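Note sheet for the following structure.
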């Protein structure tokens, strides 16, 4: 039976075919990085950012660290998904719940359309990093919901539809610093204000590229085989962390159950712009665009915490890949 | 105007008057510790435990570390609050929500009666320490609710009534080890399953006994002046942590607002059974019994992570004490 | 079938019967500690020491830290195993193999009689701590063999007879400091000079008193059920390490196979002389005397790295104890 | 030739003869501790304090940590050196040099009379711990001089007279926390405002009680053999630091040259009040009274960072002791 | 009013105009690095070095780490400030004050002309890193003064003239290793031998490129607006420290008072020779040449602890830049 | 007298003459790296590998980390020593001694021909990293011997002939992680099963490129002057470890005695492929081919834990180099 993405066709996503002599499941865009560190005036770096289809083209929420290293979120727009017009002014969230969620700088956003609006989930720094939520209808005006959890938590990723009637959120418990541990959890909410039903989804895997900590990446992609989740994994080598990313397949109805999980990474830091920068050896995916008709997927990922890259794959090949060489004990 | 505890008279709580030559606001029971480390067969230690009025006397949930250092919770009963009959068999929770809250050992319970039943909040070890909840009607049969948060979180303490229509829970974010930081947060829930509206209540105070981390202790006591909260504070001295405890006064309607907070501790590890044991220099309060008629309060506290002690005070004197010498910047 | 110690009767070992109201498998000598820190002039502490039957009474090798904290080994003699005459002058080893084993201070000795002489195994500090070996015929003159391993290794313990024709040595890999990890290994030697056939015997057990590191204690005792091994286990609590000890049963012919291993400790630091001293919360067994006729065993253990204590048990009861509540996955 | 203290007779210093069965060079006062933790109202502990002869009796500057753990200095007076009347109000220094030395809490004072006034040297917390200086004529009014060094420095100890025309100050470089290293240095000043000519006096000694860090204690005592310096030494044991103290002899004219330095400590934490308290295992000398006529010396030392003890010795015996067993390489 | 450098014209400093499409306040020399790691035979790296106008051209003191990684200082000469003739033999200082300042390898020199000679300030390794001083008249013969402070201190930078009659020295307290903290202090001296009047000048700024530690860079430049100070700031990212640099304006008469301080960096490691080398991600300025007539400034900075780069700016633009976006709380 | 390699001519080793303008003792191959990270399908990196002359050409054992970061060993063959045919299937060792040496992944192999077969020594991960041994006759079939030591030990390197009738093995004690210390030791064995006679050969050298840890590299080369040993040394710089390598000369008959040891490195990470990769700044030699007739040597070394490089030198020049500038205190 054919492996299919369950969703809308999106023929205009950025895509390049696999290079001739390449047999990798995932390959990089030939003109990477697509967003340079200085693309926005006053910026030190633009990375770990999220995009979605919007109108005829695409919109996104971008993490910019300015030249004082303050972290802010910025809206951006693109017709082809490659050339981006990113706003110089940071997003100002209209805070709907007072002390329960103040925007005081944010990082690592994810964006997803659910029902009638675009939800943004990011890591907020108010009283300790935790998962913040907000929404917009138009990428002009933004509203902030209460934080999902008490600190410390990062890498909050919403599913693109309700699961069993509840909003569903992947997340990764952490600490007040460069967390040296961490597994992926699942939480539910009836209303995006109150969260519960916490379950552990995946643990780290000893002796591997995902040994130290893992975190959900782009919004999960619905396929005929389950939710396709790209996620980053971290290993601590002799001279520091290395952030690679791979993929897993989660049950469609009980997404806290792992069907398959790739033992191998899909992409690791190997190019100069991934290995050299403010933080060496980081490839960190935060968004994916996919075309249900062809199975083509474009993954946006931060490189060395400095610039933004693009990589491509096909849903069926990725699912084959993680099924063929799966982590023996997935959960 | 008179400072009063708002609640029921409870004339039979354990109490001793302040010794003749003592001017401290809080004083120890003369026959401390009231529960020895070996009181229950096979036990290594009994400490950080919680008691409530129950029928004609008192009931409680006790933390016992057995001689393999497995941590379990045990029901206990007492007619005078001093001599306790603690069950040798550990509590078995009937798990109502599957993976969302499994009991795999627990520690540092708190117990409170709300509406029609006794709720137990403790620290659960399933997939990382976090705040677990359960309830009982009779201290015979126990039921487990979902965990309140993803890990890591400790020192969950429920308010004894709903605040603005929601259950209210103090808690302390932590990490996967002997957390070296931590402030007290506040969360709300409409149903004890989903939690949100997280607010920070109190931060640590540099250069003090509460410099390193703080955590709520007994169930807050409702008074005419606000919620009286006993809480522990930790300072890291040259040879390790020292756990003392003090008190604060929280706004009755918005308990995340601090009205007063004692700059000085009420009790610190000074007696041999508080300074010597499995963990040196720990006094850790988990429960209080109070008599609204007289303002008398009896605080149960763990000593050196080994035994259980009892200390006494009067509500009005404690509130005077923390108002007289309050942390300048409370929040 | 009766559980028996396989060996000689030794009716004159020190022993006290279990106190009336005590149900513990192991109990302390009523006049502990038997050796005070100042018993030898210029000494700061005497602990972690080893004794054997010798002539009509007993002899031993004692660790003394002097008042400069230099660590030296000293011979001692006793007629009753309780009152010890310990030599003020440190043992001088006649070095038989030059650079391969120099005595530059030593600690934590074990002593065992094999065939025709008394072997001493200790931790040597020459170019990094490792397992040193030596022997004496008379406790007057001592000879030093080559170190068994390159650094870092501690807690070397010889079996009292050859196993399958080879000398057999338990040991614990470590590092150059207060090692925060460590499992017990087994090595063989045809000649006490060359060692090999390294096998892992026991790992640490998470969430227990033996979570952090473990190390063999007294010379294993041959019984009808297998080798009875007392060993120390360490857990890191909030304010430091706690050293307790328990027991395991090893296969008689393949001692690297664990038959049973107590989930609970036999003795943990609970008395003031075990909890307070140069290093808090340490009970560290290094020697045992046993009477095959009665099954009585006397264990010598260091207390708080300061003084030496004595505890008693019976072989059959200990073996019952560790079989009744054994670590599920022993190896 | 007779070893003599060069100074005034001071027959009324507190002193007890060596107990009958004791052969130690230094022995404790039989009624230790002389100052309890609660002697001053609101105090958590009184320790690491300094005394000098004053009028007919003695005066001192005492470190008190209050029950919020704020550190303050307090004047005290005594007629016998044992019973102390310590002022409840903290010393307020009149700051003579603005930002160059602000009193914001202080600890570990030393006091010395030079020429016409009493100088106090302590550890100040303003912008990082460093050596602060002040003076008084009457222990009623106190004046503050500029800090001697930029942070981080502790254990500043003035010589009781100028050396080669300059004030001379021992000191110990440190860091912003519980420093895990540190040697003793010497500095000079023409005017107590500007300091220079820094020389290293003593390093730590590996494998000993003074392995980790050392710091000058009481004001050096002038003797016929050189300056007699009591100083603390620290070793890091398995469960934390142990603070003992010993002595060294410095050249009279070039005090940065060490003539002899005891390999053994004179006193280490062995009594309950030294081993148990806010910081376990600390004996920390800050002052000495001596009678030149008889050579008797009384040393005041902090115990477990909680209370204050007194110990006694004779100058000639101490000098013999450190000469007999001296650290081979003293500098 | 015009912003001016107060000083002499120096038309021959190296300078390139800002590239056409660049709007940065500071820009790099187009042929960076100007000094390669192997320029001097036997050298591993040449960086963190200082230059001054000298005769018709320029002279300097250069840090060279040889291929054994021994650190030495070397004189160098240049006619254009870009091509340098660096002496292969290390500078030998004539030690004027014995033990108070011995040259045993040095690093990170600064050079300044005051009155009649060139002063060199560097970090000396004798008995712990601290600020060493010396002088030369001709860059042939060098003399060493006493160290300014006891260890540990780094980044000593002299003002180019006396302030209120005293020599003035910026400095940065540190520790015995890769210090993870540190603010800039100010000290005075009447004679360059004795130092005092220590004041804190600037603290680190949380959540910024200067979050972890800061240290003065080149000799401060006197301007009509105050002392213009370039200084490095360090942030600890996920994979290590990043050393950038920015600028501040200090009061002319009370230079410990900060008038303005840039929230943003002027230059951060972004070029391959700044990001890759012995220490990744380091830009570390140690010298500046400036032309008072035109306001042009050339900054010499170490790159990745491996090579030396050059960057340019204009005094008025820098001062505008730091005034426009200044750290809110400067001190 | 002429310095000579004692051995066979090997004219076909890969070699390039020193470049014209280069005066270094060791120089890199102009087309480095010779083995790319992706040369073998599914591989993440190929480095730290060993080669030997084999038949007409060369054979080797290669460390490959696959794209899951599992570490495996692979046989490879080459006619010119530069272009390698590496087997995609990992080596499967026939385990001859059960639990005493199981292959569960391995790294950093060395290969040497002794008497009749090729021995492989590598680092095995079974129950903690330690030195594993095996052999092959044909690089098709491999047999595994018992591990040489209990964990933790790395960098085991066999001498190419017996010394005084015993096999001889250099090794480096380590710990269970990225060991931050370590000296080189020497062990002997009569039979490659039992090891003993441990001696320390070389310590680290403070303030140098070999300050932190050192480890033997290729099989020692027999010369007229002694055993020529290339070894890596590690220094911890501000942003991590730097692995360089140098050489030493060991006594022919007592190889634990150091005759000369270079103070300077021969090669340090300076090329992009050495500085950038999975682990920055690593050059790690594991093999050398040498031609006794000409003294030419080709060294194979891992680069950045990612690829494999080749460097050249001449035996006589290296020996001159390390004699001319030798570490003063070699042992």
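Structural remarks
Going by the order they are written in, the chains are A, B, C, D, E and F; count residues from 1 in each one.
FYI, a contact is a pair of C-beta atoms (placed from the backbone, for glycine too) under 8 Å apart; a residue touches a chain by one contact, two chains touch by 3 or more.
Just so it is clear, the structure is predicted and the values come from calculations on it, not from any experiment.
Chains that touch both chain D and chain F: C, E. Across the two interfaces under comparison, C-F and C-D, the one joined by more C-beta contacts turns out to be C-F. Interface of chain E with chain F: the two copies contact each other largely through different residue positions, with under half of all numbers used appearing on both sides. Between B-C and the choices C-F, B-D or D-E, the pair with more than half the same contact pairs by residue number is B-D. With centres taken as mean Cα positions, chain F sits 42 Å from chain A.
Here the CA centre of chain C is 59 Å from the CA centre of chain E. Residue numbers of chain B whose C-beta contacts span two or more other chains: 239-240, 276, 280-281. If touching chains are joined by edges, the resulting network of the protein chains shown has some other shape, matching none of path, cycle, star or complete graph. Under the touch rule stated earlier, the contacting chain pairs are A-B, A-E, A-F, B-C, B-D, C-D, C-F, D-E, E-F. Those residues of chain D whose C-beta lies close enough to touch chain E in the complex are 97, 99-100, 127-128, 130, 146-153, 171, 173, 175-176, 181, 183, 185, 187-190, 193-200, 256. Residues of chain B touching chain C in their complex: 37, 41-42, 44, 66-70, 105, 125, 178, 239-241, 276-282, 305. On the chain A side of its complex with chain F, the touching residues are 23, 207-209, 211, 235, 237-240, 242, 263-265, 268, 270, 272, 275-276, 280-281, 325.
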